[in-house]
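Letters A, B, C and D mark the chains in the order given here, with residues in each chain numbered from 1 onward.
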Amino acid sequence: MRKIRVQAEDFDAAAEARALSLGRADVGATVTFVGYCRDEGGTLAALEIEHYPGMAEAEIERVVAEAETRWPLIGVTAIHRFGRLAPGAQIVMVAAASGHRAAAFAAAEMLMDYLKTRAPFWKQAIRADGTREGWVEAKDEDADSAARWGAAEP
Amino acid sequence: MRKIRVQAEDFDAAAEARALSLGRADVGATVTFVGYCRDEGGTLAALEIEHYPGMAEAEIERVVAEAETRWPLIGVTAIHRFGRLAPGAQIVMVAAASGHRAAAFAAAEMLMDYLKTRAPFWKQAIRADGTREGWVEAKDEDADSAARWGAAEP
Amino acid sequence: MKAVYFAWVRERIGKSEEEISPPAEVVTVGDLIAWLAGRGEGYAYAFEKASVIRAAIDRVHVKHHAHIADGREIAFFPPMTGG
Amino acid sequence: MKAVYFAWVRERIGKSEEEISPPAEVVTVGDLIAWLAGRGEGYAYAFEKASVIRAAIDRVHVKHHAHIADGREIAFFPPMTGG
């Protein structure tokens, strides 16, 4: 069971996570990650997220397919938003369901590490004073996190 | 922000996780784990979970306090049920909120590993034919998982 | 002091708690386990493999070499299987 | 083939997509970056540090040594910052 969405609208992370186990008795564990827009100590007014339509969905599919080859997953949901997001807003979620907790944890963490470095999204920071701070720079630590799973740089 | 509950009633994992970030703009990530009762391929009718009242809450508090010394956590929620639980039922949840995803993932995973090996709960399996299968045995792999974080056996 | 038992330790002993008054030479948790094991068939069965038994004094995990000292409540139980 | 640009690559070039017809000696993604960089000031600025530029052919990530071959859509963009 795979659900992948790239959308401007908000999502109900709770309902998405619950859907993975609803009416099933083989799911032993779900791990749900939600990433939020932070205000960076009050300096950030919003994030503008640009994406590559078509490729964003396709790349997330590939990342999920990769996770499915590594762990026995019963279901995976991945949703990434684009457009202007205010501090406190949800940006991204992944949820993984498995028979066992170690697989669910590992899959959710790998999915996030891969999404950060492989999915075609770019963030721009809008300052509290209305000016554009410019494009958020990719972090070495994100590439390092992805490399833990054997990911080459795309 | 710490919320710890040991209860017979079910919980709303979704609402609990959301509460950790609601109205805050410093939370960058939440990781929510939910553990479910599996039917073990149709052979299991229920789990009976016994606990040590008073110590269960106190030990979970200690485990959460330990996680808070290791990672910069903004909030943690841990809920563990006791009593008779049918397949598909939620048994346990932990949710961790932090500025950054790595801390939220690591804290949630450590909390679960410690809960499994240190929190005073014992599971008994009730078979589909109504007989007691007996007490679930502790798994070496759970002790090994806890040992990753430097936990000694209690 | 009060002794409390859980899971199959409780089932084998046949009670969930009791007041106990061990003699002065019972100093450690391990001593107490050995003393309890001599109190009858159920106790002997519960504590037959002393090394797997976990203990807590006043709701804090302790090892078998810990002193029971001024503990008010001592608990015995199998390895935990929560989560 | 169609070239598409994202984030600051798009901003520097001043357009989000265009049809391009590189000459036959442009074989790899790296060749195409060098060829595009010579098309004007915005292009030169966008591709000034070629090594940081990521590329995708028909919506699949590719390295600079990949052949552009029969690709219908080639994309250029900075390192990704989603999640």
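To be clear about the criterion, a residue touches a chain if its C-beta (ideal position, glycine included) is under 8 Å from a C-beta of that chain, and two chains touch if they have at least 3 such contacts.
None of the values given here were measured: they were computed from a predicted structure.
**Student:** Touching both chain B and chain D: give me those chains, sorted by label.
**Tutor:** Correct list: A.
**Student:** Taking each chain's centre as the mean of its Cα atoms, which chain lies farthest from chain B?
**Tutor:** When every chain centre is compared against chain B, the largest gap points to D.
**Student:** Starting from the mean Cα coordinates of chain B and chain C, work out the distance between those two points in Å.
**Tutor:** About 26 Å separates the centre of chain B from that of chain C.
**Student:** Just curious, how far off is chain D from chain C if you go by their C-alpha centres, in Å?
**Tutor:** 71
**Student:** With chain centres defined as C-alpha means, what is the inter-centre distance between chain A and chain C in Å?
**Tutor:** So the centroids are 48 Å from each other.
**Student:** Note the residues in chain D that touch 2 or more other chains, in rising order.
**Tutor:** In chain D, residues 83 touch at least two other chains, as defined above.
**Student:** Which residues does chain A have that touch at least 2 chains other than itself?
**Tutor:** 35, 101, 112
**Student:** Looking at the complex, which residues from chain A come into contact with chain B?
**Tutor:** 12-15, 17-18, 21, 23-39, 41, 87-88, 99, 101-102, 104-105, 108-109, 112, 145
**Student:** Over in the complex, which chain B residues touch chain C? Could you list them?
**Tutor:** 35, 49-52, 54-55, 58-59, 80, 91-92, 112, 115-124, 134-138, 142, 154
**Student:** In the complex of these two chains, what residues of chain D are touching chain A?
**Tutor:** Counting only chain D, the residues touching chain A are 4, 6-8, 54, 56, 59-61, 75, 77-83.
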